[in-house]
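Next up: the structures, one after another.
Next come two complexes, and both contain chain A; in the first it sits with chain B, in the second with chain C.
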Partner chain A sequence: MSEDILFDFLHAEIVNYCLHDNNKENDFSALEYIGFNTGYRLIERLTRDAPRFKDELETMKFICTDFWTLIYKKQVDNLRTNNHGMYVVQDKAFRFLTRISTGAKQLEHAPKFVFFTCGLVRGALTNLGINSTVTAEVQTIPACKFHIEINRN
Partner chain B sequence: MSRQASRFDSKKVNAEFLTLTYGALVTQMLRDFENVEDVNKQLERIGYNMGMRLIEDFLARTSAPRCLEMRETADRIQQAFRIYLNVQPTISNWSASSDEFSLVFETNPLTEFVELPQDLTNLRYSSILSGCIRGALEMVQLDVQCWFVQDQLKGDNVTELRIKFVRRLEDAIPAGED
Partner chain C sequence: MTIYHLYIFDKLGTMMYYAEWNRTKKSGVSREEEAKLTYGMLFSIKSFVSKISPHDPREGFLFYKTNRYALHYMETPSGLKFVLYTDTAALNVKELLQQLYSKIWVEYVVRDPLWSPGTPVTSELFQTKLDEFIKQSALYSIRNI
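The block that comes next holds the complex of A and B.
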């Protein structure tokens, strides 16, 4: 509980550092990369004693249950797939958006708070052997949809 | 779910998540700045910003009363480390005038997975901690200096953070008002 607030503050500062300090208001790459690095390393520690996942879907389920619960304190609300490598993860009360007011003006700033997570998920999947592209979509705060596209080739 | 929930020690995972994220941030900064001194400054500043916000949570959580002397402040800082980072630094090396002391860490959660390469000996990896203390104390009208005396990353046995009282800050009255 107490570490949570510490992380929330750290996350806010990372967002600040990546976007404002470098005057890169619309360049989310550094933010995404910090997430990637974290996810890549974290998943290795989490799955150290776990048996190998039998397929892609099982891996995705792990990300949406165990991984998500540990980091975002809740399970995702919905996981959908078209069975062709496209997954949509929906979280109706995304941790980094729950303390933001719900308004049109605030919505403009929402992308800042989801890119770290895009990187985090991509990093985790990469280390589990799945090459993906992760994007996010916020239509109403604090709900958030992550689109995970598996790159197979 | 119960089976899965018990598979992970969520407290430990949270601590590691924080450590790893911080590590990723430091890595990014080292890529962004050529000068290591700039990275130290940035980390300190980020800590300062966090400390400014963290103190409110700390006061709300502990309902700590006003400190009347530095020795009490030292105890509170120690308590904060226990609450937020789950480590208990030892308070020691008080100066004769009781305005300067050290926090000695046997372990530093931030550096759990870290080894410094040869060319980064100037990096003060845990600068965020000193910034955090400075920021938090400034919000309760205490101006302090805070610096590292020993660091396990540099081969010392312990990590020692020195804190020195500078002055009490008075509320500044805006110009033109009495």
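The block that comes next holds the complex of A and C.
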């Protein structure tokens, strides 16, 4: 309980720090980068006892179950794919949004709280050998959809 | 038993939140003015109680009662003050206020990243949860006339 709240507060402060201090209201790159590095390192710790993943889908499943459970204390609600490198991960009660009111005014603030996680997922996948682009959309608080596009080259 | 209204003040005396349920008589002054008067009165009672107490006052001022209503007061170690007006038959209001603080205030105000400390609460989520909490409590349900 107490360690959860610590992470929540720290995350909120990192968001404030990255966005308000230098008047970079719409520049989420620093936030995404912090997430990326965190995810990249975290995956080493998480997979130390895990066998190698068979394919891309298995890697994605790992992200949606074990990875998500460790960070957000729940699994994602839905994972969809078009089998061509596009994945949609849906969390119906995304942790950083559950304490915010549902309203148009609050919805404008929502992107601030999802970019760290975009970076986190991208960093984790990168270290597992998958280059990707991760974006997020919030239509109604507290639900959030992450779009993961695998870059093949 | 019934619940009339609720004030939440911070340690500097700023009104953080006001809500009312079964309040029928208006005070005739503006809400801000009423809040200031209430806070001033509570502040005076608090210092009066601590000065006049024949022994070490552990919790200090807890509530007062008139013929028609009771005022219950809870102060957290951080100086946040919860003031709840009920009828005179209300029981265990102290527990109710404690729960309100830990389950509603801490969860939906303190953990809301869009709330900045020291500013009045505008969160609709908090409003909804507080309303649910009060209406579910045993104190609210039974009305005596």
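Keep this in mind: the second predicted complex is superposed on the first by the 153 of 153 C-alpha atoms of A that agree within 3 Å, B and C clash if a C-alpha of one lies under 4 Å from a C-alpha of the other, contacts with A are read in each partner's own complex, and residues count from 1 in each chain.
The working rule: a contact is a pair of C-beta atoms (placed from the backbone, for glycine too) under 8 Å apart; a residue touches a chain by one contact, two chains touch by 3 or more.
Computed from a prediction, not measured in an experiment: that's the story for all the values here.
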{"item": "Chain A as common anchor, with chain B and chain C clashing or fitting", "value": "fit"}
{"item": "First (chain B), second (chain C), both or neither touched by A:Ile5", "value": "both"}
{"item": "Which of chain B and chain C A:Leu70 touches, first, second, both or neither", "value": "first"}
{"item": "Partner chain(s) touched by A:Asp27 [first = chain B, second = chain C, both, neither]", "value": "neither"}
{"item": "Touched partner set for A:Phe113, first chain B, second chain C, both or neither", "value": "second"}
{"item": "Touching partner for A:Glu58 - first (chain B), second (chain C), both, neither", "value": "neither"}
{"item": "Touched partner set for A:Gly103, first chain B, second chain C, both or neither", "value": "second"}
{"item": "Chain C versus chain B, contacts on chain A by residue", "value": "B"}
{"item": "Which superposed partner A:Leu46 touches (first chain B, second chain C, both, neither)", "value": "first"}
{"item": "Contacts of A:Tyr17 with chain B and chain C, given as first, second, both or neither", "value": "first"}
{"item": "Distance of closest approach, chain C and chain B, by C-alpha atoms in Å", "value": "5"}
{"item": "Interface residues of chain A shared between complexes with chain B and chain C", "value": "5"}
{"item": "Of all residues in chain A, those that touch chain C in their complex", "value": "5, 8, 12, 15, 96, 99-103, 106, 109, 113"}
{"item": "Complex interface listing, chain A residues touching chain B", "value": "2-7, 9-11, 13-14, 16-18, 21-22, 30, 33-35, 37-38, 41-42, 45-46, 50, 65-66, 69-71"}
{"item": "Parts of chain B lying in touch with chain A, wherever the complex brings them together", "value": "1, 4-5, 7-8, 10-11, 13-18, 20-25, 27-29, 32, 42, 46, 49-50, 53-54, 57, 61, 83-86, 113"}
{"item": "Footprint of chain A on chain C - complex, ascending", "value": "107-108, 111-114, 123-126"}
